[in-house]
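Mind looking over this structure? Questions follow.
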Amino acid sequence: MSHTVHEKKKLLARVRRIRGQVEAIERALEEESGCETVMHRIAGVRGAVNGLMNEVLEDHVRTHLVDAGGESGAADAREQLIDVLRSYIK
Amino acid sequence: MSHTVHEKKKLLARVRRIRGQVEAIERALEEESGCETVMHRIAGVRGAVNGLMNEVLEDHVRTHLVDAGGESGAADAREQLIDVLRSYIK
Amino acid sequence: MSHTVHEKKKLLARVRRIRGQVEAIERALEEESGCETVMHRIAGVRGAVNGLMNEVLEDHVRTHLVDAGGESGAADAREQLIDVLRSYIK
Amino acid sequence: MSHTVHEKKKLLARVRRIRGQVEAIERALEEESGCETVMHRIAGVRGAVNGLMNEVLEDHVRTHLVDAGGESGAADAREQLIDVLRSYIK
């Protein structure tokens, strides 16, 4: 079973918190709050998204990158990880 | 007038698009899509948030960092910018 | 006078420290230290480079983004800043 | 054998190129080139360091995160990877 299924509850809580933070940027724009508020909220979302990515990568490494004596799938999981890291670290 | 007021429409459209992307991560978790989908969607949100930050910083620099013969406020705007960059680039 | 001239000493000290850190990666590779050492040193260089960029951006904003009653150059400095941020935040 | 040993030549070439780029920042400061040159060179080093990190992470994942029927070490390699990602993605 995939870690994103196993850790569904924990990850959904994190994603919903991020949605709330994005909505707070929306509100700051609608209520014409100062640009400083807007910039700080954007920085907050970036931090939260990086935290979520770390969480998912960590689960991915701990769950799928274990061969367990020949389980296929580990090779695919490695390539997926490399692919995500390439798009994330640039 | 602050650039986040002047550019309200454009920025709100961007933020709502990001909200939609965050909701798509939520859906992927709820529907138990594979972790690869989840990771790619998180990477997509990170890119979109960086794009939004660039947009706002660019407007900030073009709007507030112009002294216009002694307008106060530019000094504050410079310090706000430095503060945001310090929290963003690390 | 440009801030990179005014702050030359301080910035050169930082850059030389970074050069030392890069040489330490080189040594770790030559002496065949473990990959963990190599990865941690690379992460250290990234942090130091971000610190240097923040320092230079901060000086740039404080020095050039001040119009001082019509000094030309501030407009160019703003566009340079925007250009650097676009290439850095992505 | 560690991938940083196996890929030593390729990685050393990359690190030396980065050292050259750092020395070019040093030269720009010493010769009092404009700050724009300095900022662009710093951005270049950051990109090159990220490229190196990707290269090493990729080798790490492909080499060590393969259990090969009970080889110990894979568990350690996973934790090292998680540790590096946590310090890198923030």
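By written order: A, B, C and D. Residues from 1 in each chain.
Convention: contacts are C-beta pairs under 8 Å (C-beta built on N, C-alpha and C of every residue); 3 or more make two chains touch, one makes a residue touch a chain.
All figures in this text were calculated on a predicted structure; none of them were measured in a lab.
Asker: More than half overlap in residue numbers between the two sides of the subunit A-subunit B interface, or less? Answer same or different.
Answerer: Over half shared, hence same.
Asker: Could you let me know which interface, C-D or B-C, is made of more C-beta pairs in contact?
Answerer: C-D
Asker: Could you put a whole-Å number on the gap between the CA centroids of subunit A and subunit C?
Answerer: 28
Asker: Could you give the separation in Å between the centres of subunit C and subunit D, each centre being the mean of its C-alpha atoms?
Answerer: Each chain reduced to its C-alpha mean, subunit C and subunit D end up 17 Å apart.
Asker: Subunit B to subunit C: how many Å between their CA centres?
Answerer: 23
Asker: Give me the residues of subunit C that touch two or more other chains.
Answerer: Only 50, 53, 57, 88, 90 qualify.
Asker: Quick check of your reading of the touch definition: is the inter-chain graph here a line, ring, star, complete or other?
Answerer: Shape = ring; chains linked end to end, path closes on itself.
Asker: Which of the chains touch, listed as pairs?
Answerer: Contact pairs between chains: A-B, A-D, B-C, C-D.
Asker: What does subunit C use to touch subunit B in their complex?
Answerer: 47, 50, 53-54, 57-58, 61-62, 65-70, 74, 78, 81-82, 85-86, 88-90
Asker: Note which residues of subunit D are touching subunit C in the complex, please.
Answerer: 2-5, 8, 11-12, 15-16, 18-19, 22-23, 25-26, 28-30, 32-36, 38-40, 42-43, 45-46, 49-50, 52-53, 56-57, 59-60, 64, 80, 84, 87-88
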